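Two complexes come next, and they have one chain in common, chain A, joined by chain B in the first and chain C in the second.
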Partner chain A sequence: MHWTEYLPPLMQGAWVTIQLTFYSTLLGGLLAFAAGIGKISSNWAIKGVSVAYIEVFRGTSLLVQLFWLYFALPIAGMAIGLDLRLPPVVAGVLALSLNIGAYGAEVVRGAIQSVHKDQHEAARALNFTPRQTLWTITIPQAIPEMMPSFGNLAVQNLKDTALVSLISLGDLTFRAEQIRNFTQDSTTIYSMLLVTYFGMALVLTAIMRGLEAYVSRWRVARS
Partner chain B sequence: MLFGYEWDLSSPLAFALSILPILLTGMIVTIQATVLGFFVALVLGLIWAVLKSAPSRFIAWPARVVTEFIRDTPLLVQLFFLYYVLPEFGIVLPAFLTGALALGIQYSAYTSEVYRAGIEAVGADQREAARALNFSGTHTFTHVVVPQAIPRIIPAMGNYLVSIMKDVPVLSVVTVLEMLNVAKIVGDRTFDYLVPLSMVGALYLIMTLVASAGVRLLDTWLPKQGIPLK
Partner chain C sequence: MTDEPIIKFDKVIKRFGDLTVLNELDFEVKKGEKVSIIGPSGSGKSTVLRILMTLEGINGGVVTVNGEPLWHEKGPDGTLKPASEAHLHKMRAQLGMVFQQFNLFPHMTVLRNITEAPVKVLGLSKQEARQRAEELLELVGLADQAQKYPHQLSGGQQQRVGIARALAMRPNILLFDEPTSALDPELVGEVLNVIGKLAHEHDLTMLLVTHEMRFAREISDRVCFFDQGRIREEGAPEELFTDPSEERTREFLQAVLDS
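And then the complex of A and B:
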């Protein structure tokens, strides 16, 4: 088999990897905001849940989380009489976004806390409610601070999607494995695989830089 | 039965307790892979850092491209690459060594940045002061820059040690019998994945909490003004 014949199945897998990265980064971003804001909440129940979520998912391995959702959760469901068998794609997206969300939550918390105290005092002086202060004063200023770290996390997430091939999801790595099993041409196929991931990471980095410039545009206008 | 330990399926608690020694056997392999991988990452990262700061750009540029490539490609794929491609060139390593090497290579891209950042964080005024005192370049580096860079480098390296530990389960795909792989085998044989995999999660949580506490403790102990090389 000529190496160009590997391209169609690899591109098919690359498309699955792109979709996985997109959905899990998006969902992970939402979780990051929820848990990051939850961690600095004054409500102890919300704070407790957020801290527990962040610690559990940052403290364990992604592969353990993935296997737990895919292999162990159905058995837990059976014990309580529910059908919790997840299709590989759901388990994959869920594990990836829960994992990246926990890391992102710390970024969100850090960025929110880095907003200057004067801003809070000014908001209070203007009679803003805490909720208004958070959404209209703190978060808009915190988002540009988060973006460099979010860019790194997005690339991390892209790399982590390779693990879903282990629960038989047909991503880029899975397709490459299939071709290798068929042709035994390890050197070519894995070199192509590495280069494809590298290319995708470069594109993702460029997209995240663009996004960073977009959310920071008011900073340029101000100075 | 695995590694000579029988399991007791009479109740989830009894099952959990009976497989604990089996999982601890796997945990030892996890720790060994972590330590070896970390060592490779420390040494290789230092080599990258030196090459990247080389005065000649024919050395610095390729080193930068290589580390960027390593950083942007998944550990799993690098592991497959080492495991299946190296033998084609006559280099046959045991799965454990290949795995530790893959971990070390992946994280060397990160540690090289830690070295660079640690050295750059030492202010230019320090170098100027050393020059004013007529220190030679080598003397400035070994007696002024490095002692002050070390307390900045060690905590960051500690965080990567914890990250490496969390990536060890990936080695299970090349048959390394680390903790997750052992739990998976127990699950395959008993048809109960819930208890073994939850146990692995809990053990991981304990391991990372202990390691993170150790890193924090180290951070408070390290003298901020620097560690003299004697």
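And then the complex of A and C:
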């Protein structure tokens, strides 16, 4: 088999990887905001849930989380009479998002807390409620601070998607394994795999930089 | 100007840890009065403004604004209990503040800095808020800068936006916390001009903490000299600046005017 013949199945897998990365980064970002804001909430219940979520998912392996959602949850569900079987793609996106969300939550929290106290005082003097202050003053200023870390997390997430091949999801790594099993051409296949992931990471980094520039545009406006 | 006090400090105590910043301060401001507060740093002058703006709580005494306690609420039995956030929110509507470091919102244009609170807090329509902002920008001489971001403006321009932003909430009382201290000397004048114009043309009650003695003398109905958490001396600007009765005031004025 010529190496060009590996391309169509690999591209199919790459498309799955792109989708996984896209959805899990998006959902992970939402979770990061929810838990990051929750962690600095004055409501102890919200704070408790956020802290527990962050610590559990940062403190355990992504692979184990993935296996737990895919293999253990259905059995646990059965024990209480619920059908909790998840399609591989759902289990994959869920595990990846929950994981990146836990790391992202710390980024969100840190960025929000880095906004200067002067800004809170100005908001208070203008009689904004704490909620209005958070959403109109603090978070818009915190988002540009978060972006470099979010960029790293997104790339990390792209690379982590390789793990979902272990629950038989047809991503890039899964396809590569299939071809390798068939052809035993490990060097070519794994080299192509490296190059493809690297290319996707470059594109993703560029996208995140663009996003960063977009949310920070007020910082660089020229006079 | 009427004789009714709009602001009243009654034996107010404020401590930061072991440090007593306000030591049983008694202080009154009448409606429409322009009062300057001068004094050495650490004398508690800014703290007076920060307490009024509800940025700092108090440790004793009662602060009254427009006849209602600021940091307390009257319970059903008439006794005073610490104010709830809802009470503070209601009281704060009467006050506005101009900060030493301007504290503009860097991610918003000049226009949005001024319209955001009137829309979100007062419930004005975007149209009304915009019109109000444009009038105020005209007043502070920045009508052509509405679409810029704060960092594109000079310090003096930023502070004038700060004044417009505070005025957009239509407060009865405007607090100026060393509004020109962070400015380059050549930019002080443009800000003082705006404050002077407000003082002469509006019946706002104004409280100004400043080191600009000549300006304080020009615009104030009364000047208070703060020292060690109390008012050491107060009076009409001509008297206090030309013939202070306290030795401490004399020393301070000498030191400031010499520098």
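One rule holds in what follows: the second predicted complex is superposed on the first by the 221 of 223 C-alpha atoms of A that agree within 3 Å, B and C clash if a C-alpha of one lies under 4 Å from a C-alpha of the other, contacts with A are read in each partner's own complex, and residues count from 1 in each chain.
The definition used in the following text is that a contact is a pair of C-beta atoms (placed from the backbone, for glycine too) under 8 Å apart; a residue touches a chain by one contact, two chains touch by 3 or more.
Every value quoted in this text rests on a predicted model; they were computed, and no experiment measured them.
Contact with neither chain B nor chain C is seen for A:12 once the two complexes are overlaid on the shared chain. Within the superposed three-chain model, A:126 lies in touch with chain C and out of touch with chain B [touch as defined at top]. Counting the residues of chain A that each partner touches, chain B and chain C differ, and the larger count belongs to B. By the document's definition of touching, neither partner reaches A:168: not chain B, not chain C.
In the overlay built on the shared chain, the residue A:194 is in contact with chain B alone; chain C does not reach it.
In the superposition on chain A, A:137 makes contact with chain C only, while chain B stays out of contact range. Of the two partner chains, chain C is the only one that A:118 touches; chain B does not reach it. Of the residues of chain A, not a single one touches chain B in one of the two structures and chain C in the other. The touching residues of chain B, when paired with chain A in their complex, are 69, 72-78, 80-81, 84-85, 88, 166-170, 172-173, 180, 184, 187, 192-194, 197-198, 200-201, 204-205, 208-209. Chain contact summary for the complex, chain A toward chain B: residues 55-56, 58-65, 67-68, 71-72, 75-76, 79, 155, 159-163, 165-166, 173, 176-177, 180, 186-187, 190-191, 193-194, 197-198, 201-202, 205. By the touch criterion given at the top, residues 118-119, 121-122, 124-129, 132, 136-137, 140-141, 218-219, 221-223 of chain A touch chain C in their complex.
Interface of chain C with chain A (complex): residues 53-55, 89, 92-93, 95-97, 99, 101, 103-108, 116-117, 120-121, 148-149, 151-153, 165-166, 169.
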